[in-house]
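Labels run A, B, C, D, E, F, G and H following the written order; every chain starts at residue 1.
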Amino acid sequence: MIEQYLVEYMYVWALLLVGIICGLAPLIISMLFAPRELFGKTRDTYECGMDPFGTAWNIRFDVSYYLYALIFLAFDVDVLYLFPVATAFDKVSAVRGISEIVIFVGILSLAIVYAWAKGVFTWPNRRKAC
Amino acid sequence: MDINQVKKQWQKLSTAVEDIEYAVSGHDYNVCLERDKVRDFATLMLNEGFYLVDLMAVHVTPAIEVVYQFAHFETRCRVLARAFVDDKVEMPTISDIYQGANWHERETRDFHGVVFIGHPYLKPLILPEEDVDLKPLLKAEAKLKDVDAVRRKPPEPAPAPKAKPAPKPEVKPAAVKSQEQS
Amino acid sequence: METFYSILPELIRIVICAVCGAVIVFGNALVMGYAERKLAGHIMLRPGPMEVGPHGIYQLVIDGLKLMGKQLVVPAKADPLLFRFAPLLAFAPVFVPLLVLPFSEKIQGFDLDIGLLVILALASINLLAILIGGWASNNKYSLFGVFRAVSQNVAYEIPMLLSLLAVVFMTNSFSLKAVVAAQSPVWFIVIQPLAFLIYLVSIVAETNRAPFDLPEAESELTAGFHTEYSGMSFSLFVLAEYANMFIVSSVATVFFLGGSSGIPLPYFEYSGIIWFMLKVYSLMFFLVWIRWTYPRTRFDQLMNFCWKYLIPFALVNLLITVVMVKLL
Amino acid sequence: MSMDVKALEDDRHHRYVLNMGPQHPSTHGVLRVLLELEGEYAMNLLPVLGYGHRCHEKIAEFKPAKSFMPNTARMDYLGALIYNHGFAQLLEKAAGIEVPERVEYIRVITSELNRIQSHLLWYGAYLLDLGAFTPIMYSFDDREHILDILEDVTGSRLTYCYFRVGGVSKDIDEKFVTGTRAFIKRLRSRFPMYEDLVNGNIILQKRLIDVGELTPHTCARYGITGPLLRGTGVAYDMRRAEPYSIYSKFDFEIPTGTKGDCMASFMVRFHEMEQSLRIIEQALDGLPEGSIMAAKVPKKLKIPAGDYNSSVEAPRGELSYYLVSDGSDVPYRLKVRTPSYSNLSVIPEMCQGMLLSDVVSAMGALDLVIPEIDR
Amino acid sequence: MMISGNLNTYLIISAVLLVIGLYGMIQHRSLIGMLISSEFILNGAALNFMAFNSFVAPNPAVGQIFVLFIMGIAAAEAAIVVSIIIAVYRKYRSEDPEDLQDMKM
Amino acid sequence: MKSYFSELFTGAWSLILGLKVTIKALVSPIVTVQYPREKIVVTPNYRGHIDLIKFADTGAHKCISCGSCMRECPSDCIVVEGEKREGVKGKVLTIFTLDFTKCSLCGACVEVCPTKALDYSDEYELAGSTREQFHFDLLKRVEERE
Amino acid sequence: MIVYRYLAEVLFYALVILTFTGGIMTVRSKLLMHAVLGLAATLFGVAGLYFHLGSPFLAMMQILIYVGAVCIIIVLGVMLGNTPDQLAAKHLTGRNLPLALLTCSAGFIALFVATITRTEFTVATEKVGDMSIEFVGESLLLQYCLAFELISVILLTAILGSIILARGGREGKTS
Amino acid sequence: MAEQKKSLLNVHSYTKECIERYDGASPQRTKISEAPPLIQMKLSDAIFDLCRANSLWPLTFGLSCCAIEMMCCGMARFDLARYGAEVFRPSPRQSDLMIVAGTVNRKMAPALVTLYEQMPAPRYVIAMGNCAVAGGPFDVEANYDVVLGVDKLIPVDIYVPGCPPRPEALIEGILQLQEKITGKRFPFPQNKMPEGA
């Protein structure tokens, strides 16, 4: 452990611990003081007062959600590379800096262009499909 | 929509077409149908642009009477069409012609037990599932009336020949034609 | 023992920090909860909480205590481990970001040089908690809420990052203190108005608040991802939401509104904190204000607004910033 | 149309069934809709009714027709006076009772106030469905003014039992007239506020336009009436098509839309409030003096045998009472054709393939009152 | 001597991570399980890089950049694997790699 | 492209209009009637449950126990019984109970009463912890009233 | 300072335990979701280890990318996957369990021995730059600019590939 | 899968039980298990009761006519928020109070009981309106579907009669419920009641 980070490391841990304690304490108090009554259906899954059909874990969701998440994943990581670059941006020459960033961002935006063109962002009505 | 044209077609399908005064009863025509003509009649009405106001059953003695009520979006023309169910309390469905009839038929099946042949999903709609045989709107024996008892008595000085309503669906009553219309 | 005494001041400071953190998180939840209900009331021409304490100021304390005294129901079909763990996971990390916030020039937990990253990193854990909690409930509405939460939060994280990045390109530092210092003549809201707007829109979505509160859309998904949560575990989610609101508003204050800078008040050394809080709470007021004004958006429209408007604009804004920084 | 277990087991489409209701914030009470969802798309809908069934039609066969009046108010508690109106009219028609003109005027004024009240509630509740919490407060605030006015003459706030066969139970006074005029002025001044806050809002428009489109033909097949039908461009309003009471005397427009989507019916309802205000204004101007009860109303109201129909324009569409009488004072069969029943039956076709949020918008646009559907 | 300041400690930890990943790879019967395990392996490798970087390397930026790139690759990998799962699932209705009979999509 | 931007601007403008409305509401006075601290003046026509009127001149009610309200009531919530007494003309009311939990406030009983002995009470804030609390004995009530 | 060192040492143990617990949870749990939670725990642990190794920047990036993005994608993948009850049945019956154990223990022992006994790492005498984030950024911009640009190409390819795959071929039918 | 093979509509396995209970007229629900809190002190009970009384979050649950008056109660004119009771939670898990506003029929009964049971303890019930109190105008010979009083299904704390009751009556009911919980009316009497207002 490098000296300079030692103290800040302690701070981070301390606050994390406080977070855990502050989260756990009310939960424990609640467990101690709360009444515990069970009826026949108290622990059943809520679905507007009806018995649910099947379990929610069997649901497979739409591809659209995954597509958004997939695009995000790559995009997010891409953007994060820009963070260290941004801190060092004053250390490079103008032409080099600008051109590198423009190329990088340009390549990045192709992803949106592609997804847009492919119609990832459109949610058509599915009336015909069924 | 030309009402006279339509009336002619009704007469082909029905046993009786009656003109009724709107101010008294709230509808214009009264059409008595044979059970198997109901679907043809509904098709005709849809083609003429009528919409289905209502569908209900009335429990009277020879058999349960199913009443269809139609009206038109453009002109005032309220039509009552009625038909009797058969011995097995069955009736052809019109829910594929008038989709709105779907629920009305299910409701009628709930309340009166009329089975609509060809209905896609004749499950209880309003009553709980376990009340398949409840049929709450069927009259008790004591209260049940004959179909004549609930028909409009013609006004006393009526010059027109008496419109005797069908005592039984099999017997065709004399059709009443009326020249003028309201 | 010698050494122990040498670090004692530091240790005390750590403890004070921790306590302050707790005070801020809980205090903010109380203040915001009360303010939200009161403001909502007055926007709707009614007084809001009135009877519990003068003008109902104890209402939120009462609510909190009541939730503590409620039964914790764990549905039989849920995954008990994850179901109990998720609220904790949502709540525990909200304290660390408070460490790096510069409440004034002198009041700051610790000025990490990666301050912004700490905030972003720990804020992203919240999403995982929602995900786990919603899934563990084994409820279809929860699962719905989870899917919406995931898609929406991840999507809006990008414009948020991009708009902050535009500022970082100008300050070349993640340290929040340095960012505040960099806007001594003029706040970045003047230089980067577009980035500020984009950030503002994104934080509404990031904190799952109306009109972007799709993960807990009442009229569609009953209560969204915390449908099955009762009592204290539910309130931990709510506390985390309010804490996150505070944090994102603080980041907006630091990055765009000049942090704690403002006219120094006489006889008060720490006047910065007043300005800081003022700015943070006016931003939060704005969040409350729009919450009670607009209808909810539809999910696809929300997503497409992000991908079709916010991200392109943010990218363009970033490029312009990059060019301008080098040319000017 | 019908949803079966087979579809559930068809794993290929990743479909699953979700209960929406009977306790759900957006089903306006106790409607239950089984949704077969594919992702967030509703591929099949199966409304399950009956959670508010209260055997009104059966009760009608067990007591004198006059005594059924309070039940009509409880069928559609939002349009209670209009339901009263239809029923009173039915019995008057059947028993051949002439109603004094003043009564008709009072009936029209109170009915129209009731219609505005119903539309205001729908307006707020619909926006609540769409996630805006504030407009409902404003519209309820306006609505309270109507309730105050109506409570003053009828004595109750919601389930009025004000009309009697052959008249009304209490005469209106000067206070009522001035109060109503003040309310007309107030509501007119509130419309621009609603316009700014709600109608022009881009989020609202994006959520309503092109959602749940209907055509006149669909309406005919399902028997849809009321604002939904007028949203498709058919100017069919019972007040015009079969003018009952004294509606033929008044000059008012029938607002129509063109596209038949949710936005169209939304605007139709909004403009209907203005038109109702116009009717009330004209009626107040022309209010004649006179008795509030028909001269000869027998205590035991015998209805001649036969069948009678009476249709009025309820806030949600055409309301028909169909009465079969056997000559006694107790109806042999009373069937109430409630507009929402037919309107709701289009839901499976209208919402197929929509997003869940759109299903909520579409259902809200129907302006459902569940006890009216279930009766 | 503190073991947190020792290169070998980190190497052993990363070895353990690698082994856990390996074990998971063999033992898990679903593609997702294998993906999770592969993240362990990648993490082990990244930890290794970082350990060498901070104890023996001359240029302290290189190790960090390596780790950054490993994260990037891991993200890309996760994206691809999940979409492969979607595609495979569409075709075979299963996620068990043994159920996949051919590679034709 | 043009619609892309114009939609953005018109949309933003509509949102700002909305904000204007709510901020105006925020500073405008509240409309709440803070029950029970302040109470609204309930109209005299308000239909609460029914009550026998105590006439000031006689100090008694006017019910002749004819039972027409009982017959008219659509939900059978009124029970009226009277008995013949020596020296009194007509019947004397012995029981007059109202099961308010069945009442639908239609007003038929008040209108049918031949002596106008019934009126609506203005109790609009009833609540209690048993349902039997609302089976009113109107005769007792009229006697207890001062 | 020495107190902090000892404290840090204790925390280091905690982190190692967290890391290993996560790992064991991942391989031993019946539910994939628990496995993901185990992965998240391990990632937190590794992030802490990066802190110990002197790079808080990487620690935060680890949390941001791994926990904030990769974990979430994996959770989505799990939700996409087979149902838990179906999986649980055959999940731990484990094919090749002996083989897996054998391979892994052999590999671990080999690595362990190699690490402890065989290798001598020479510590670089002269160091250029520092661990700071600015230096990382500078290196990315100057020395490793090609890699920097290429990673964006890789990620772009990944996006395109995953869109195509997930939508079912180039034609891209959505369902 | 066997579970799914059940007919879609036949989810009322609970209905029978409810109806039997209804016919048997046993208002008290049998609890599967009832354990007192691990720590039970007079002081903590008093504090929690005070809090519960002043933070009654109702379930969004309207049945018929009375639901509108219940809505009115939350709106600007009457404003339940003054008592901290405006937080209408759509999920029973987060609500304390069930306002049964309207008619309960046999089809609704199982759902109602389910919702009641799914609320975490302590839970309170207000029967609002004559239908919920005793069946109201539907307590007649012809009735075949309406449950005559919700207290046949679940224990009711406060009855608010009326058809429908005015919103003030509901507020009064909530005040009485507070009284029932804490033993005091106006648990937080900050502002003195103006005399005779």
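Here are a few things to note about the model shown:
Going forward, contacts are C-beta pairs under 8 Å (C-beta built on N, C-alpha and C of every residue); 3 or more make two chains touch, one makes a residue touch a chain.
Remember, it's a predicted structure, so these values are computed and weren't measured experimentally.
Taken together, chain C and chain F share the touching chains D, H.
Chain centres here are means of the Cα atoms, and by that rule the chain farthest away from chain A is B.
Each chain gets a centre from its C-alpha atoms; the one nearest the centre of all protein C-alpha atoms is H. Centre-to-centre, using mean CA coordinates, chain C is 32 Å away from chain E. If you average the CA atoms of chain E and of chain F, the two centres end up 73 Å from each other. Averaging C-alpha coordinates per chain places the centre of chain A 39 Å away from that of chain H.
Residue positions of chain F touching 2 or more other chains: 15, 18, 21-22, 25, 30-32, 34, 74, 104-105.
The set of chain A residues touching two or more other chains comprises 1, 7-8, 10, 12, 31, 33-37, 42, 44, 46-50, 52-55, 57-61, 63-66, 69-77, 80-81, 83-84, 86-89, 97, 108, 115, 123, 126, 129.
Shown for chain E are the residues that touch two or more other chains, namely 4, 68, 71-72, 75-76, 78-79, 82-83, 86.
Per the touch definition, chain B reaches chain D in the complex via residues 22-27, 46, 49-54, 56, 58-59, 67, 69, 71, 73-74, 76, 78, 80, 97-100, 102-104, 111, 120-121, 124-128, 136-137, 139, 143, 145, 149-153.
Taken in their complex, chain C has these residues touching chain G: 3-4, 6-7, 79, 81-82, 85, 112-114, 117-118, 120-122, 124-125, 127-128, 131-132, 135-136, 143, 150, 154, 157, 172, 174.
In the complex of the two chains, the chain A residues touching chain G come out as 1-3, 5-10, 12-13, 55, 57-61, 63-67, 69-78, 80-81, 83-89, 91-92, 96-97, 100, 103-104, 107-108, 110-111, 114-115, 118-120, 124, 126, 129. If you check the complex, the residues on chain H that touch chain A are 3-4, 8, 11, 13-14, 29, 31-39, 44, 48, 91-93, 110-118, 120-122.
Touching chain H in their complex are the following residues of chain C: 37, 41, 44-54, 56, 58-59, 62-63, 65-66, 68-73, 218, 222-223, 226-231, 234.
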